[in-house]
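Each of the two complexes below includes chain A, the first together with chain B, the second together with chain C.
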Partner chain A sequence: MRRKVLIHILALIALIWTVVPIVWIVLISLMYHHEFASADIHLFPHQPTLANYVRLLGGAAPDWNGTAQGPNAYGPLIREGLLNSAQVAVWVTVLSMIVAVPAAYALSRVQMRFRQAGLLTIVATRSIPPVATTIPFFALYQGLGLSGTKTGLVIAHMTITVPLLVWIGTSFFGGLPPGLERMARVDGCSRWRAFARVVVPASRHSMTAMAVIAFITSWDEFTFALIFNTGTPAQTFPPALSSMFFQVSVPTDVASATVLGLIPPLLVAGLFQRYIRKVNLVGL
Partner chain B sequence: MEPEVLQVGISVESVTKRYGKAPRAALDDVDLEIRPGELLAVLGPSGGGKSTLLNVLAGLEPVNSGRLRFGDEDVTDIPAERRNVAVVFQSSMLYPHLSLRKSIAFALTMQKLPAEEIQRRIDEVAGWQRIDHLLDRKPHEVSGGERQRSAVAKALVSHPALLLMDEPFSAVDAQLRRQMRTELAKLHRQFGTTTVFVTHDQEEAMSIADRVAVMRAGKLVQVADPLTLYRRPASAWLADFVSVQPFNLIPVEHQDGGALSAFGGSLVLKPPGGPLPQRLDLGVRPEHLRITRSESSAFRILTREIIGGQVKYTITTDRGDELVAVRSDDEVLDADTPVDPAVDWAHALAFDPDSGDRLDVRFNEVVASVS
Partner chain C sequence: MSTVTKPAPPGPAYPVERSTGRPRTPFSSRISPTRFGLLLVAPVAVLLVAIVIYPVAYSLYLSLSHTNPFTGVRRFAGVDNFQQVLSDPDFWHSTWLTVYYVVCVTVLASAVALGTALLLRERFVGRPVLMALIVLPWSLSTYAAGVVWRYIFSPQYGLLAAIAQQLGLPPLDLLSKNTAIPALALVHAWQFAPLGAYFLLASLQVIPDDLYKLAKVDGMGILRRFRTITRPYIRLPFAIYVVLVGGQAAMAFDLIYFLTSGGPGGASQTLTYAIYQETFQDLSFGPGAAMSWILLIVVTVLTAGYYVAAMKPGSGQDKAAEA
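On to the complex of A and B.
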């Protein structure tokens, strides 16, 4: 009983630790700059407004004193960043799944030599910080014309997501009952059909979780995006937000841009959370 | 309604299966005839080749050499999906992501049978297996026994030529296992589908099978009905393997006057009958070793275990030689009681000490006394 109470208290602390900064950012984004700059630090806006969002999305909105305010100058940068991030993240998710799912499946289900060594190599690549590979990537991309392109960024992101998904997927597929494919074969499926008709549907929760992880990893990626795409039309949201943060001293604007950037990953995680939760429950 | 039964004989002809560069073949020149409608248990220790045999019969593993025939048809090169076999696997018996109804219907859907026919067959097998009310549940939403019955329903729904079962009851508790065993025997009686049942549990194999094929190290050691296997095992290893209680294998030496001496003279036996081979090991099952109180004996009771209505005694000499005897009478002897062992010669077996093969020796049906 005492242990249970302790676990609940620790969970509550972790929840506060995680949620409070996000809640605070959201509340700041609902304040006028005047209120944020003039009043003492406080949590809840005295005069809540969506003006920061309206201006960031290209509209005009009145200020705290009714003065008309035009669109935010950084709006196009942020909007373009969001769009680019979405495109890159979707491509990274789709391509990473296409590469990683069969690889993970093969590594977990097919008897092969050096399987463990292969898995360890894959994990080892995850320990290399992205910044360590930027110079070879940069040199390569200059030669191939991929620098400053979304294609280049998709490829760079896949060097992070593919090993990650292979590693996670190997564990997921390893958890499937060992005779599943054999049963499908006896029931009339070819090897490929057994994979498509049985293994994939039986692992749909795991695969959804893998896709969500790939999407969020790509959406959040900063180092490659900053080095390869900053200042180009292919700039994604994280470097765009960084530019805005360092160049504009209006925290309420930056807060609203941050909240806009939080929405897609939260939406994806929220939409698919029932699958992700099932992964935790049944290991599939 | 009478079930549609397809009774096919299976021939395994000199089949060898080797995995990669493994030094030993998983199946080593195996010849086996499975009779139409027979329930054959394939029994053996781990690594004996029994699961490989099942996979080869199912078409899940190609053979290196030899032929397989279902009836007159050579199926050696026919893949699993076109062999018309059904398998109840040890680990995954149903699809975890599908309802029982969809799991059972899966093979029929793959055969592209009309929906009405699929429904008819599902209703049929669900009725036989008493799972009608569970069809819309997922496997994890039903009990272990219900899962087993559903798996058997799934296997039977496609009217297979051959039903293969790979240790299907190994994951359930002892009581349910006994119950499932009885149900399987009843079901086989009802359907008569040619069935191969793989198990490492000799009690399970002996209790349900028409015949038992024992495998060891990739080779078929003996194929016989359970009683023959028990009474006339091909080797000392097999006699021990199919024995419920530890098998007594006694190395004996000849003495003058036709007597046999064992354990450095602690045990002297006088078998009835004619001359015996010069060298032999005597095999005696615990239920055929009788013990009686005797103050002058070199043997004493070391342990006693009460098993149902029987008492199992381990008796020993000062040298540490041990024998096991089982008694069914009312008297229960205490530990340290001195006892004389006597052999029920009608059931005694003789084995070659070098090869372990059974020797064709028949002792007369006389219980020999101990001198």
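On to the complex of A and C.
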């Protein structure tokens, strides 16, 4: 009995530890600045409002006492950032999938020489820290005119996503039934058709998971985005948030911007949750 | 019903390749499997050479040259940059902070992860809910986690400061000089413990319940049971997790950027942050690249060393069988 009580207390602590920081920022984003700045800080807003979000998205919303308030000055920055992030993430996803899927297939299922060596080399590139690549990328991009462009950021993100997808993909394709291609070949498919018409459709769920992971990885990447694209028209969401965070001191506005940036990846992850479940977490 | 069925066109009902007289084998089946495989891998290989191998080699070149930040002119410098970095007390200060940070993160994250995994193995009300919610910190972007915890730690508007104030305690600032590194490590652990918890839980669930029952009958205490039954099962996954988290901690940047920006007064200026400042704020590419190479080499050597040590034969599951 004492053990049961203890376990429930520990579970409660684990719950608080896990969710309170996130709940807190969401609650702040729903408060008027006036209420947040008042002397007594409390968890739940007395006067919950979506005004911070409305003003960030370009609308006008009255303040707590009814005074008119125009759109947030940082709205355009955040909105452009979200759009740019989405564009970059989609391109990264598409391009990474195009190159990584065939490679992952070959490295896991084709009876080829150099398989182990190839896989090891690709996985080894995953252990190179971003700081080691930002410096040369920065220097090279200045010469190539890619600094501050979405193209440049897409390329930089692919240094992370491509090895990651190959690694995850090999375990996915390796899990398919062993005789799949042989059956297709007996039915008259060429090697390529066995891959393109049989293996790819059979693993569409796993490939959805791979695409989702590429999207989220690109969306969440901070270092490259900060260093290459801060203050440029191609600025993505993380550097936009960073400028807002370090320049304004209205915590309620920053909180709502942060929450806005969390929505797309959580939405994508939520929609495709049952596919991502299967990913070996430690591969990430 | 009344539609008139048109007479089928002559020839087979399915499209066939125009026969050229001899049967043609498709290209992908004519070549050897190795060639076919290499053709599929080729795009990735070319891409990685262009965007990973070449830049890394270029950074080695940068670390061996002097770059004028205004004109961009470079000249060969030999090991000057490395010498300059290694004789700089700031570099050693950053190295020490990095080690301190890595140790803090590893200890906190593995403790939280193990604790959570052991807890999730038990039965309690709301377990599925906790199971689902526990991934939340991990699914947050790291920079977002930084902002989120700013609202906990900030001495002006943070939750902890508010609680301290309402309890009548002196003002609490966990991001001050002496506590900055442990506080950052706490956030890092908060974010990466869920991954470890899931990973360890998978190994814990393999252990047969009977082992624990037998041990209880034998009068083993909870610690003995953990040592003799649980530990052999989780030793390997635990080691892998520790390496993963430690390596990640050594590269941490986003959190530090948002929570302390290396401050106060350089108190959280770890190597990654020092590299960022040196290279992108002071635009001195040579020393920056040299530092990034030192970090890369140290991390790789330590990680490899740890893997070798952890995967020595004799550890892991075979011991569990003896227990």
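Assume the second predicted complex is superposed on the first by the 254 of 284 C-alpha atoms of A that agree within 3 Å, B and C clash if a C-alpha of one lies under 4 Å from a C-alpha of the other, contacts with A are read in each partner's own complex, and residues count from 1 in each chain.
One rule holds in what follows: a contact is a pair of C-beta atoms (placed from the backbone, for glycine too) under 8 Å apart; a residue touches a chain by one contact, two chains touch by 3 or more.
Remember, it's a predicted structure, so these values are computed and weren't measured experimentally.
After superposition on chain A, the partners chain B and chain C are accommodated together without colliding. Shared-chain residue A:G179: touches chain B; no touch with chain C.
Once the two complexes are laid over each other on the shared chain, residue contacts for A:A269 go to chain C alone; chain B is not touched. Of the two partner chains, chain C is the only one touched by A:W219; chain B is not. Judged by the number of chain A residues each one touches, C leads among chain B and chain C. In the superposition on chain A, contact of A:F44 is made with neither chain B nor chain C. Contact with chain B, but none with chain C, is seen for A:R204 once the two complexes are overlaid on the shared chain.
Of the two partner chains, chain B is the only one touched by A:D187; chain C is not.
In the superposed model, the vertex angle chain B-chain A-chain C (Cα centres) comes to 70 degrees (nearest 10).
Shortest separation of chain B and chain C in the overlay equals 5 Å (C-alpha atoms, whole Å). Shared interface residues of chain A (contacting chain B in one complex, chain C in the other): 185, 190, 282, 284.
Residues of chain B touching chain A in their complex: 55, 58-60, 79-83, 85-87, 89-93, 95-97, 106-107, 110-111, 140, 158, 166. Across the interface of their complex, chain B is touched by residues 177-180, 182-190, 198, 201-202, 204, 282, 284 of chain A. Of all residues in chain C, those touching chain A in their complex are 25-29, 33-34, 36-41, 43-45, 47-48, 51-53, 55-56, 58-59, 62, 67, 72, 112, 115-116, 119, 122, 124-127, 129-130, 133-134, 136-137, 139-144, 147-152, 157, 159, 162, 165-166, 190, 194-195, 198-199, 240-241, 244, 247, 250-251, 253-254, 257-258, 272, 275-276, 279-280, 285, 288-289, 292-293, 295-296, 299-300, 303. The touching residues of chain A, when paired with chain C in their complex, are 4, 7-8, 10-11, 14-15, 17-22, 24-25, 28, 36-37, 40-41, 98-100, 102-103, 105-107, 110-115, 118, 122, 125, 127-140, 142, 155-156, 158-159, 162-163, 166, 185, 190-193, 195, 219-220, 222-223, 226-227, 238, 241-242, 245, 251, 254-255, 258, 261-262, 265-266, 269, 281-282, 284.
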